[in-house]
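Read from first to last, the chains carry the letters A, B and C; within each, the first residue is number 1.
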């Protein structure tokens, strides 16, 4: 699991951890029932305050992405993948909407946007099926 | 705690303690070298007999006199150089960061230094007459059977003189240790040390009470009546004048009590001052 | 329970107010960051907390004890990494550790020496010959060897290369995670504070211009706008103060 913290972008560190773990789950890099590093270990790996990691894990627990097994550690939950994927799709939909709004705002016509859309679908759809 | 301080002081200052021992024993060392080198110097020793040895044997007791006069500078500078560097480079604050009261550390440091000084003074005071007696015995004509008792008397005087010169040396050490703790600059501290030692030396010599208790004048206590006046001149400047009356007062207070208490009182005063200085030190 | 509390703490040097009416509280078991430019008063504040300096005004409480000057007993429970260099130059690292160890009741010799060895530290070199990086590692070993409840560090990463800095912060994180001690760390590097601190106080010209949890301090500087980095928040507070 590779997480990178960017201290300059203003996003609270614990949120960055939450986001990146959810991303890893959604992309299949973290599978259900896979073990996560302990709070202390992740804190050392990332060189950040253990409280911050604890806060991130707490948040993930609340969202049902991870759970704690008594005495054995922290694990990715079974429904995490589904939850993360749905959330990621919601984010993607929002991004699409934002992109469309930007495209209209920049002066592109409906036809230009439609043409661009068809080309992109063709390109990315091909990658998905292959 | 004391073990740590003793270890630290030894590792930090062992060459300085060695230098002090060297200085204190210079007269005997010089004498040994002289005897080794010059036949003319050896002659008086070879000529000594059981009847004549007392001409020379009491002289080494003046080692103590040297310790409380010229060698006092060495003692003073030992005090200065065992306290000033630590204060100047702020490494004293490393000691202040230990769970150890600052005044305890101050007293331990002083006690350790005083111990070294007292030991050196006492040893040198005893070594001088013992070494000279040894050389006399080597000459062949002086025997232990005949001269042993007199040697015992001289050694007793040397012991008393040694103890007292140790006390005065400790007071000098502590005074210069205080200078080292308080004065932040080397050149200023050196001048202050010089001035302090000269004043102390002057006080020691000019007080007939000190002379009385010095006990190495024990041997001259039966001298004829009269007054004496001795001056030390450096170029045209008179920097030391000593005068008094013979014979010397030999009552308990003047002979023993006051002269013992005075250096002890000075030591306590200086030690308290150093403890107070350490307590007030700030890391800026 | 607060590990440290100060009320209107002031320290004056001649005409300069090095620390000016500083009031703060450090909850036990948290990391408190002191952020400010050089000369802002961070070092002075830390020295006041350790008892190396006496306050001109105000009160200090450290681990439940009132502090207004030297407090030798507190040194059993706290460790301090100073910014200036004053360990005895003639000692070697191992001698220094053993010396301190013999004077502390709760010293963990194995830990201190193990730490020094892990840091790849030349234990037998004289302290005067140590590089900046090695010197600060010795300071760390000395500060943590007796398992203190409170560790105060004054710009520990200054003068270190990126690798050394990373290692040092890593050791701190490990110590915090393992022992839950309270840490007060000052730095002029925003990233150090952002990574480690639960609470941050921003100092400027002796005054504390902002104090609180890192996220709160950042969001208050943002004033409803988009998220800001701690660095941007820092400049916002400084400019507010100066205007």
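We take it that contacts are C-beta pairs under 8 Å (C-beta built on N, C-alpha and C of every residue); 3 or more make two chains touch, one makes a residue touch a chain.
Source: prediction; values computed, not measured.
Participant: Comparing chain centres built from Cα atoms against the global Cα centre, which chain wins on proximity?
Facilitator: Smallest offset from the overall C-alpha mean is found for C.
Participant: Farthest from chain C by Cα centre, which chain is it? Let me know.
Facilitator: That would be chain B.
Participant: Taking each chain's centre as the mean position of its Cα atoms, how many Å separate chain A from chain B?
Facilitator: The computed centroid separation for chain A versus chain B comes out at 82 Å.
Participant: Quick one: chain B and chain C, Cα centre-to-centre, how many Å?
Facilitator: Measuring from centre to centre gives 48 Å for this pair.
Participant: In angstrom, rounded to a whole number, how far apart do the mean CA points of chain A and chain C lie?
Facilitator: 36
Participant: Give me the residue numbers in chain C that touch at least two other chains, ranges are fine.
Facilitator: If we look for residues of chain C contacting two or more partner chains, we find none.
Participant: Looking at the complex, which residues from chain C come into contact with chain B?
Facilitator: 13, 47, 50, 52-54, 69-70, 72-76, 80, 82, 84, 86-91, 95, 99-100, 102-105
Participant: Residue numbers of chain B touching chain C in their complex, please.
Facilitator: 1, 3-4, 7-8, 11-12, 86, 89-91, 93-94, 96-102, 279, 282-284
Participant: If we count contacts the way the header does, which residues on chain A are in touch with chain C in the complex?
Facilitator: 5, 7-13, 39-40, 43-44, 47-51
Participant: With touch defined as at the start, can you tell me which chain C residues reach chain A in the complex?
Facilitator: 30-31, 166, 169-170, 173-174, 176-178, 190-191, 194-198, 214-215, 218, 222, 226-232
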